[in-house]
Amino acid sequence: MADMIWLVPLIPLLSAIILMLGSAILPRLLIGLLGVGSVGLAALLTMLLGLEFLANPEPFQLSLWTWMQVGNFSPSIAFYFDGLTLVMMSVITGVGFLIHLFSTEFMEEDTSYARYFAYLNMFVAAMLVLVMADNLLLLYLGWEGVGVCSYLLVGFWYQDSANGQAARKAFVVTRIGDTAMALGLLLLFTELGTLDIQAMVGAANIEWQVGGTLPLIACLLLLGGAVGKSAQLPLHTWLPDAMAGPTPVSALIHAATMVTAGVYLIARTHGLFLLAPTAMMIVALVGLATLLMAAFTALMQTDIKRILAYSTISQIGYMFLALGVGAWTAGIFHLMTHAFFKALLFLGSGAIIHYLHHEHNIFKMGGLRTRMPVTFWSFMIGSAALAALPMTSGFFSKDQILLQAYQFSDIGPLLWFGGLLGALLTAIYSFRLVFVVFFGKANTEPEGDTGWRMAVPLITLCTLAMIGGYFIIPVADVFPVASGDHPAHWVEYVSISVPLLGVLLAYLIFQSRQLNVDRWVSSSVGQALRRFWLSGWGIDWLYDRAFVRPYYRISGLLKNEPIDAIYGLVVAINQTFNHWLVESQTGRMRWYVASMVLGLIVLLTLALQIPALQPTEGAS
Amino acid sequence: MNMSEMTALMPILMLSLTAVVLMIQASIKRDQAVAWWITAAGLLLSLWGAGYARDFVQPVTVLLVVDDWGLFFTTLILMASLVTLILSKESFSPEGERKEEYYLLLVLSVLGAVILIQSSHMASLLLGMELMGVALYGMIAFPEKGELPLEAAIKYLVLSACASVMLLFGFALIYAATGDLTFAGIGAKAGEAYAREPVLLMAGSAMILAGLGFKLSVVPFHMWTPDVYQGAPTPVTGFLATVSKGAVFIALTRFFIEGQLYQYSSLIFALSAVAIASMLVGNWLALQQQNIKRLLAYSSIAHFGYLLLVLIALSMAIDADTNRLIGEAITYYLAAYIVTTLAAFTVVATLAGEDDSLSMIGAFDGLFWRNPLQASVLTVAMLSFAGIPLTAGFIGKFYLMTVAIQSQLWVLMGALVLGSAIAIYYYLRIIFAMSKIPPASIKLGSQGDINKGPRVEFGPQDLLAALLMLLVLLLGSWPQPFIAFAGSL
Amino acid sequence: MEGLNIPLNHILLVSSLLFSIGMLGLMIRRNIIFILMSLEVMLNSAALAFVAAGAHWGQPDGQVIFMLILTVAAAEVAVGLGLVLQVQRRFKTLDMDSANRMRG
Amino acid sequence: MVMINLILILLVGGVLAMLSERAGENMPRRVALTVVLLDIIYLLSHLSGMADLTQLQAPMPDDPSTWLMHFKAQWIPAFGISIEFALDGVSLLMVMLTLVLGAIAISSSWTDVMAKRGFFEANLLWTLAGVLGVFMALDLFLFFLFWEVMLIPMYFMIAIWGHENRGYAAMKFFIFTQASGLLMLVATLGLVAVNHSATGQWSFSYFDLLNTPMAEQTAHWLMLGFFIAFVVKLPAFPFHTWLPDAHTQAPTAGSVILAGILLKTGAYGLIRFAVPLFPEAALDFSFTAMALGAAGVVYGAVLAFSQTDFKRLVAYSSVSHMGFVLLGVYAWNELALQGAVMQMVAHGFSTAALFMIAGSLQERLHTRDMREMGGLWQQMPRMGAVAMFFVVASLGLPGLGNFVAEFLVLLGLFQVNPWMTAVAALGLITGAIYSLILMQRSFQGEPNAKLEGHSLTDFGRREMLTMAVMMVALIGLGLYPQPVLDMAQPVLQSLLEMTSVEIAP
């Protein structure tokens, strides 16, 4: 079984290729079957692998062929399989399968059905390669692969150049991170002589000591990559725009899998980060800052998908926080649960958008509780998990994170408090969403409720979002065990109660309206803050001014090749000489004589001025 | 003057004989065809003579010296004259124009050139040059109608006479300084003469350089060149560009070496100045030129600038090896230049005839598709001028550069490179014009539908052109035999 | 002939003077006839120089060259005058400045 | 002899192609294609006879007998000039690339060229012949000869069949390369002269001229002569300005050859001559060279972004990519050199393909201006998909050839100069920017109003086949580059050893 592991990414890849080549001829049904079936098959294989692995938890490595061999640089196309890989693979294939299924209904009317599934399958393949890679170069291949697929899918409806804009933004911004990461790879290889993750970490632990400069630089470069892919500060701006893509895509790529790649990368290379405490501190702070920034922004959004997008950013912030404080397991655990409930929420929103004539503004919705029950319940559960209400999956993961954050060195309590504030906001904005969309009076009439191909995934994810918290992820021997001792009990109580408080607030403000905030909001300060948060803390604006426009301007200035001016000058000089000399050819004989006389005089002077007899030398 | 000396002078004698015969023939019965054949026969005879004389190389009196080198160039020049002869017959034959005298003049001019080549004495040099020149005036002015030939002739006459006087005066001064008229003698006595009368000697040499420089049309004695090239009948232009210039350069070289002028740094300095000026000015003048004859005139200025480099190198001559190299360089470059120029003028003569408007580059548009042969010949010629590999011109330039490097003439080398770089532009312009596809044929998408300008049937001059092209390519692609031969001179 | 040996340089000076005069003529005269005459002057200046040099070295060569120069001069002028006739016939003028069809 | 035949086949084939026009409008391209395929077969048939190429023995750079093939015949003994060809792994790679791309170029000229097809195909074949000569000639005189002569047919291709501004472009191209070529000629002669004064005999043979002892100053000047000639051809910033014009104006096949092959001669020259002949000088010079390379990477990318002309954009992308080659060569360690060679091959395919797409677009829309395009995917999905593939290839997507190349270069460079690497890495970002804008402006976005009405035919069988060849090639290079690497490895290895010995004193 284990040596069949390469089939897992291969199957979706093959189906992607078939779909591309046969896009014109294949019947719709077959396309659907291929697209969903391939991922389903991959999921099945993963399950089998998982069972086998749980039977005897021995990480193994499978090398297919040497990619390239130059001097001592010989990365190979090889897969590494351990608990962490298993978790990631299950999430990707499992959630991926559900989302594919969902898509068959969601994309029903779309003309380029085949292209959609081709891209989606290709994405799954690339993502699998990313998590299964045994060395960083192969990981980078998957890393870029998912990037391109995300680009293709965000810009799926290419006729609208706004989508293209969003897609390019997504790709370029992440590419910035990727470049940092690539440099990191270069550094790691140059210093440690290999890119095989296990060997590399081993070498690092031998050659580098904790707190050195090199590990710090290396980790920061890797972090750059992670920050780009996982949409953390300062490279998060692409994710909200990426919502331009079809909603299932947002669910799969921009909620469940790709955006968590950064988390995976750091978790995978935690051996390095342990050598660079400073780097870990930075990771934690980045996480914290991001989660707060995003939470505040989410509070103000009116576009249902943007709300979810910012909440994704914020949730990944939690994961980074976890990684930063060394709560590896908690981080990955949250990754998984988040995958469940965020996918659920996105799919739910997808259903709404699908049946509400592509309406995105939550204030144009409302009262959907009765009309779309399935969707309503999935949203309820999803939001509950997102808000980390007790007993939901989100609760378990987030709780662990907060507790371990509290224990983290001296600034622990600070981090904990920040996380708590975030949790409060999360509860508020998620239930704001629920109340506004599903309660109150209906503004738009939906065209019925979800069909089975949408219902099944929703329901499945509901259950996962509920019970996901009871799973035990088999990463025990991947990560060092976290300190066992627990903080004071009041900390735990507070952590539990805060989300409930948030829900209550949301209820009072948006549902029963007993708590009237209009006065604050309408106040000038309120307005300013509102605009500020709505615009995502004006970071987009800032980047536009600081980078985008200057680039356009510079490029525009250079467009017509200033360098050529130099050569133009040379030409001009020659032309001038040509002009003068041609002028001198007057055709008048006397003038010609004059020139001869002049020449004669010059010759005479030259000949007479240097009266030095050279020593005679051999003549021919 | 014994028998063997007579034999050594075979070429000269043959030419003189031809001249006499021509005159007699003209006095008996004027007939162009006959005159033409006589001339041809005469030239061939003297060619044979030149070959024959190779076994009798020796100085003949103090006036002439017959050596392999001179004989080789005699041969070359005679061939060039043959080309001119053929072209003259084919190209410019305005109806009812009598050309017997023209052939006579041609023969006389060649005679002058040969004497010039073999001269080792001021008198013979003077005679040769004047004979050649005076005959040329006639040839240039020969066409009866059209003003350009006449203008060209009168300009050339006055200016070249002026130049000759400079030359003469120079000789006079040198004679006054050294008291000898033979090149060798001058060389021998120059040393003490310099000690006694440096001014006379230097001034004299300078004026000689000026005089010969005019004939070679190097800056600043170049101004006549374009006008004369343009105005003269194309075959005559070709003759002027090859025979006259070649002969003069040989004479200059002889005087330069025998008279050991290369010893005087001041002269070398002056000569370098002239050379550099010619390299640059010539090319600059040619850049935008639209009349192909004028363009060739300008390019010839540059080319003789390049060639002067070799004479300058003599002063630096370090070892026998280098001197051999220099000798070869002169021989090869001149030969290559003459062949290439002939090829070019053959094409121009064939296509443009005497119609000045037809010698505009514009008239050559799309020539490739009208007359592939002539177009390819001109292309090859241009590439050879530009010094692109596989053509004679390249090997020539290769030689010059090698010489320059061997004798470390960096400045001249720089000028040479710069000049060549500039030159590419205008040679390419001609090629570009010829390769234009007339829009008509693009639509039709096939050839053969453009016939503007005279479509020439395959005639002797096409054959001639083809031969010359092959020669250029041969010299360029398989130079070893010729190099060996040049080395043997 | 005693008492009549003028130093060479003086004669050369004279002849170069002649030379310069001729050249000046070439430069300032526009009438072709005068131009030809200036040429003659120049030729003779050279000839004079030769004769003088010959005398100075006590050689006949000087005079020989002088003869040659005379011939050359004759030839030049003969052709020259021939051309002058043509010029007169075609340009209807002897002003050389008007003969500049070709330039550039 | 084999090598000479390779060239002769093409030369003669050219003549045949020209004559075959009489037989029919479409004969020339058929003939041309056959000739090139024949050449390929001929080459392969001779290679198959040899020891497994993946285990080439390391050729001693200065000992021809260890090379794959070697042929030497007197030509101009007076100067010790001989007709000397030799083949080792690197040149073999380049030769193969040349022939394959040659075939591709011919197929791209299938419907592109309308007038004087015979002469066109002839020029194409002659260019190929010249390039083969450049890649195989090991006598510096002969090398220079091919170097110059291959330009003439190329010049004709641009000047006769080019687009609106062909005269200017062709002239610029020719003068740039010729003028720089003159410098190389001077440098060559200088080198030969030095060797002459040292050994007392003339020789232009690479093998004799290697390890010529000379003064530091001399070495610097001579090296510069070669360097300039090669970087003009490469082209490297700031000598690149001829390239955008030439590429834009040339007919499709011309651009393919130009970008795919001719640029590589420059890189090849650097690896084969500029560095090994003057190791120390090259070492002292390497920083400048690398700086130029890095500058080129970024500059090319930035300019590419602002272009509105499809072909011009691709042309600037070439400048950017060639910057990597320059970096790779002057980092002068195995990783970087392998990267450079890899880049030469991979860029050959990716750019050639993009130019072919540009060509087909121009054929259909009669414009290269991307402001006239947009939303073409709808009408031409196949072309769009293909374009997307090559665009992501050129922005260096892992799994495709260009990535392997660029990564190796960066990896090698990092060991020499991390900061330079950081600058060059900017190329990855800017590369993404211009590549994607290319897709956006041409194939994505709202369908251009101007295109309403005329229906555009998508890629047909011939085009798809051609493209498929290149796609497969790129994927192969991307996932299993080993064959290529192995072919170059021994050569580069021994070059490194030799130069390091040189420098060690």
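To keep things simple, chains are lettered A, B, C and D as they appear, and every chain counts its residues starting from 1.
We take it that a contact is a pair of C-beta atoms (placed from the backbone, for glycine too) under 8 Å apart; a residue touches a chain by one contact, two chains touch by 3 or more.
Not measured: the values here are computed from a predicted model.
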Review point. Where each step is a move between two chains that touch, what is the least number of such steps from subunit B to subunit C?
Key: 1
**Study point:** Where subunit A and subunit C overlap in contact partners, by chain label
**Key:** B
Review point. Quick check: more C-beta contact pairs in A-B or B-D?
Key: A-B
**Study point:** Separation of subunit C from subunit D, taking each centre as the mean of its C-alpha atoms, in whole Å
**Key:** 66
Study note, to complete from the structure: Cα centre of subunit A to Cα centre of subunit B, whole Å, reads 77
Review point. Where the CA atoms of subunit B average out and where those of subunit D average out, how many Å apart are those spots?
Key: 43
Point to revise | Intercentroid distance (Cα basis), subunit D paired with subunit A, Å | key: 37
Practice item. Specify, in ascending order, the residues of subunit B that touch 2 or more different other chains. Key: 154-155, 158, 162, 226-227
Exercise for review: Could you list the positions in subunit A whose residues touch two or more of the other chains?
Suggested key: 582, 585, 587, 589, 593
Revision key, fill the gap. Residues of subunit D that touch at least two other chains are none
**Study point:** Pairwise chain contacts under the document criterion
**Key:** A-B, A-C, A-D, B-C, B-D
Exercise for review: Please name which positions on subunit C make contact with subunit A in the complex.
Suggested key: 23, 26-30, 35, 96-97, 99-104
Review point. What part of subunit B is in contact with subunit A in the complex they form?
Key: 154-155, 158-159, 162-163, 166, 191, 194, 198-199, 202-203, 205-207, 209-210, 213-214, 219-221, 223-224, 226-227, 257, 260, 262-267, 269-270, 273-274, 280-281, 284-285, 287-288, 314-315, 317-320, 323-324, 326-327, 422
Exercise for review: Using the touch rule from the top, collect the residues of subunit C that touch subunit B in their complex.
Suggested key: 8, 12, 15-16, 19, 22-23, 26, 32, 35-36, 39, 42-43, 45-47, 49-50, 52-54, 56-57, 59, 61-62, 64-65, 68-69, 72, 75-76, 79-80, 83-84, 86-87, 90-91, 96, 99-104
Practice item. Under the touch definition given earlier, write down the residues of subunit A that touch subunit C in their complex. Key: 582, 585-590, 593-594, 597
Practice item. Sort out for me which residues of subunit B touch subunit C in the complex. Key: 122-123, 126-127, 130, 134, 137-138, 141, 147-148, 150-155, 157-158, 161-162, 164-165, 168-169, 171-173, 175-176, 179, 181, 200, 226-227, 230-231, 289, 294
